[in-house]
Amino acid sequence: MSGDKRFAMTGIGGYIAPRHLEAIRATGNTLVAACDPFDSVGIMDRYFMDARFFTEFERFDRHLEKLRRRGDGIDYLSVCSPNHLHDAHARLALRVGADVICEKPLVLSPWNLDALQEIEQETGHRIYNVLQLRLHPSVQALREHVAASDERHQVDLSYITSRGRWYFVSWKGQPQKSGGIVTNIGIHFFDMLLWVFGDVRRSEVYLSEENRASGHLELAKADVRWHLSLDPADLPAATREAGQTTYRAVDIDGQAFEFSQGFTDLHTRVYEDVLSGGGFGIDDARPAVELAYLIRTAPVIEPAEGRSHPILTTGS
Amino acid sequence: MSGDKRFAMTGIGGYIAPRHLEAIRATGNTLVAACDPFDSVGIMDRYFMDARFFTEFERFDRHLEKLRRRGDGIDYLSVCSPNHLHDAHARLALRVGADVICEKPLVLSPWNLDALQEIEQETGHRIYNVLQLRLHPSVQALREHVAASDERHQVDLSYITSRGRWYFVSWKGQPQKSGGIVTNIGIHFFDMLLWVFGDVRRSEVYLSEENRASGHLELAKADVRWHLSLDPADLPAATREAGQTTYRAVDIDGQAFEFSQGFTDLHTRVYEDVLSGGGFGIDDARPAVELAYLIRTAPVIEPAEGRSHPILTTGS
Amino acid sequence: MSGDKRFAMTGIGGYIAPRHLEAIRATGNTLVAACDPFDSVGIMDRYFMDARFFTEFERFDRHLEKLRRRGDGIDYLSVCSPNHLHDAHARLALRVGADVICEKPLVLSPWNLDALQEIEQETGHRIYNVLQLRLHPSVQALREHVAASDERHQVDLSYITSRGRWYFVSWKGQPQKSGGIVTNIGIHFFDMLLWVFGDVRRSEVYLSEENRASGHLELAKADVRWHLSLDPADLPAATREAGQTTYRAVDIDGQAFEFSQGFTDLHTRVYEDVLSGGGFGIDDARPAVELAYLIRTAPVIEPAEGRSHPILTTGS
Amino acid sequence: MSGDKRFAMTGIGGYIAPRHLEAIRATGNTLVAACDPFDSVGIMDRYFMDARFFTEFERFDRHLEKLRRRGDGIDYLSVCSPNHLHDAHARLALRVGADVICEKPLVLSPWNLDALQEIEQETGHRIYNVLQLRLHPSVQALREHVAASDERHQVDLSYITSRGRWYFVSWKGQPQKSGGIVTNIGIHFFDMLLWVFGDVRRSEVYLSEENRASGHLELAKADVRWHLSLDPADLPAATREAGQTTYRAVDIDGQAFEFSQGFTDLHTRVYEDVLSGGGFGIDDARPAVELAYLIRTAPVIEPAEGRSHPILTTGS
């Protein structure tokens, strides 16, 4: 793993950028340029004080071209912008001779993946997706455990992460920009489930609202009842009483799968992985993008007995 | 001090907003609405999940009017927006029957203070400025010490706070929006000096650049050599070697005045002060606004012997 | 009618602003300031080269306050901004001591009218709505004709005005900003119908899509089948073949009501009317705002025999 | 000249776009997509109702890529955006397999031309600059006349085109976006002079303000005193009294060169020229870009006797 790579970043004013800045620094590399229409980016000073900053994408593009032409072009672009801009920003990087480390979801719709793969082939550069749960030791152990037998598992996935009213005003609340709750919030977990339990055989959706979604999945090795919610009313009473606003639980065959620790530096692990020749590419990202798309365009149906998630059934 | 006041906030997506959110919560009050054109405001969830959020100022205005009409209008507006918007946001608050707690500088130009005072009188509501150094125990002690004698003091003020290139791309680097380094960065210290050492008798400016300014002040009880800089090259070698990017020093009669501790919760102290009937109003804010304006419009002259700040003289 | 009134304008970069500029000039008055976030406003040079221009609403607000304080405040604000901003811009005007001439729809939702009326009373200033069809000689003649008897009329209103795909990308295609087709496009005609034929007794909606709406109204003196469309496919064949993209027809008791002429300078007539002590105020604007709101929130039902508009029935 | 080319356009909300729309239609071609952050683009309906429209550059980019991939990519991009975005928009076009017809100035700084030429070579696509004066019959005749002898000419160029205060608030008033008056306003005339009278031997600048510039050029075959102004005070009295706001004059050896007619459809002529295999490319655009850059970065000096433009000398 080399420590002298040159990075640029889009979306540096946003929520997830600090983890990427941390990862770039922790792997011994340098940020040379960044872009965001929002100019409240004082965080740059904590990491890379000499980096250039642009509020207009076109000027950022010109700068990266200039670097390329004079022989010190960037090696990687870290894409932290709103979801619907991911692929355009990735294209820019490929065209200026760089690889891409892109936040999830890589794209909103599966056919955009084909378009990116063609440009990968034209340019010889690669796009890596941040699928950090695959680097979580507990998840990796679970995957091995599941792979070791032919057993079929009964899984309940619950992810309730309260969001205030700002969320629905921001780009995250606009499905054409974020993909909606299933794509924006759920994709991590869908990717984890697919990676651990295998392909989708069948998918049913029982609830599909702006701030809640619920359904059932038959995967190669598991039946999954899943529930995603941004509504604090969905939190278990115990969680609420503890003053917490997020509840993340995976129950496997009646047992809680513990993976609440070990989240802090997964972005750095992703960067190490990519920089040492690993990384998850477009084909890795595809199944979850396809599943999220399938779910958000599916008809909402009534669940058969026992197929709906307990939170949906009981109302909490 | 009442704990059931209703607040709104402008500039909630920016750098200083978290301290105001913390202060509102710490004083037992509530944020009900916020506005920022930038929608990366997930921080709201950590403090006030039920607050409304608006990206358009006009809609925020409508919402505050609606609250007022139905009898649960806001009590205070916390103004954390870019400097050039402070007075417009303050006016909105006064018009909807609220008081204002406004970040520094209250306004960019002294005559805007007169305009605000007229609207204070028309509406019967008040504007308070965040002048948190006046609540710093060490600064308060210094003021009493100075007041206790007729002695004249020799003061060197140095404030070097490194900023990367983003700063000059953002609104902070545009003098018509920020007021430039003297107003945006220096005003705290000018207010402190005036508050401790009294009125301006004479002001000279020896350097006035985008990222550095230097000059001399004769105050009622002190001669002050001051130097402000955003350039890391101005940091003392020891500071740089320690990996620090900010150097803040006030030397009084050859002795370092120590006030590096006690900064963390000054915003909360400001809120407590205002809510308990204190607070610094427009007349309090005026001297530093006038001085900053005087300095940024002054001709740059050659310093007489001994009047220029050591950093300017020696180049570091 | 005085010719030395001082005007300001919001939305000067938009589609309708030129008619207001023309009206201000034609009535011998002056534009002193204007605001629009879009800076492509070269049209100002054709009318008022000395007017100030602002891209930030807050700075425009400050400027109008400054004018007011020094005694040469504006007399009128012309509001040409997107619909959802009308009431906020009108409030600004009332607060700086000006009257308002506001484009239609005055507001999106009826309760916003109450809020504006309260501020009218607080400030003593007035809001006038551009209801230019009421100044059209043919419409005025029709109104007198209808008033002269107790006869009940059978009316078909058709307004097909083709819009390209940009329309649905712009604010006009976002119902929370424009009110949707019924409010943005239809309000002129609903106001005309109510003004001529009297109050709503009953309203039914048979079609409510992004680009088409259709329904039936029982007014005091007429049964109205109405159809609004932005879809060129709804144009009569003859219109299409003539290369025209708009079809506007009112049939009364089987006869075409001709009012296609006389549209060109109605905005100037509106200004003359307001400036000479006339003008249509909030109470005048209310019925059509209420009807548009009623229609866009109504359930879509199946039409009874003979109640649906011919275009809806035949598909063209 | 083929009439079935597919065009896209950036800057369609701006001042110059209608002439390009007219030219695309007049040459029998089609606009399929357009982009502008400003959404007041109703003009599209007058020309190409079926064209897609985007307010975000990244989504426009994605759409053009999609067209390219499915085999019906655009043939040309018409670049009508603010000057500082020209080269980024041109790059996008070359990358999606299209040629470019770009408004003047092609770029703000000469080295950007080199960058564009490299991408032309990489992609095999071409960039054409709108240099419409070269297609003006009178200018062409003048060029032939000058070429026919070795005579040296004495030229006075005056271009006073009044602009209101909005101009300096808009991007046109920001030198880093427009290049300032010499580049934004003057480049047409500098290109014409260079094209007619040959290379620059010497350039002197006597005035360089935000809204006025003046100087002297020694070209291969002419001495030129030039004066550019946006200030109505510079208009000749006769022009002002006639109520006109623009004065454009070229005096050659004491005689007025008449070219005020024939401007109306030059954009269509430019399109015809490009589409039939002609067009002015990067090398054609270069001399004027270099001269404008030279002038705006030159020191302002005192003119020697007789070298300054009469307007500068007499103050009008």
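Note that the chains are named A, B, C and D in the order they appear, and that numbering of residues resets to 1 at the start of each chain.
Throughout what follows, a contact is a pair of C-beta atoms (placed from the backbone, for glycine too) under 8 Å apart; a residue touches a chain by one contact, two chains touch by 3 or more.
As the structure is a prediction and not an experimental result, all values here were calculated from the model.
**Student:** Along the shortest chain of touching chains, how many steps lie between chain A and chain C?
**Tutor:** Counted as steps through touching chains, the separation is 2.
**Student:** Could you report, rounded to a multiple of 5°, the rotation needed to superpose chain C's C-alpha atoms on chain D?
**Tutor:** Chain C sits rotated relative to chain D by 180 degrees.
**Student:** Any chance you could check whether A-D or A-B wins on number of contacting C-beta pairs?
**Tutor:** If we tally the contacting C-beta pairs, A-B comes out ahead.
**Student:** Once you find the CA centre of chain A and the CA centre of chain B, what distance in Å lies between them?
**Tutor:** 39
**Student:** Just give me the whole-number Å value for how far the CA centre of chain A lies from that of chain D.
**Tutor:** That gives a centre separation of 45 Å.
**Student:** Would you please write down the residue numbers of chain C that are in contact with two or more other chains?
**Tutor:** none
**Student:** For this structure, enumerate the chain pairs that meet the touch criterion.
**Tutor:** A-B, A-D, B-C, C-D
**Student:** Hey, which residues of chain D end up touching chain C in the complex?
**Tutor:** Touching chain C from chain D are residues 13-15, 34, 38-42, 44-45, 48-55, 162-167, 169-171, 232, 245.
**Student:** Provide the residue numbers of chain B that touch chain C in the complex, in ascending order.
**Tutor:** 56-59, 61-62, 65-66, 69, 84-85, 87-89, 91, 95, 112, 114-115, 118-119
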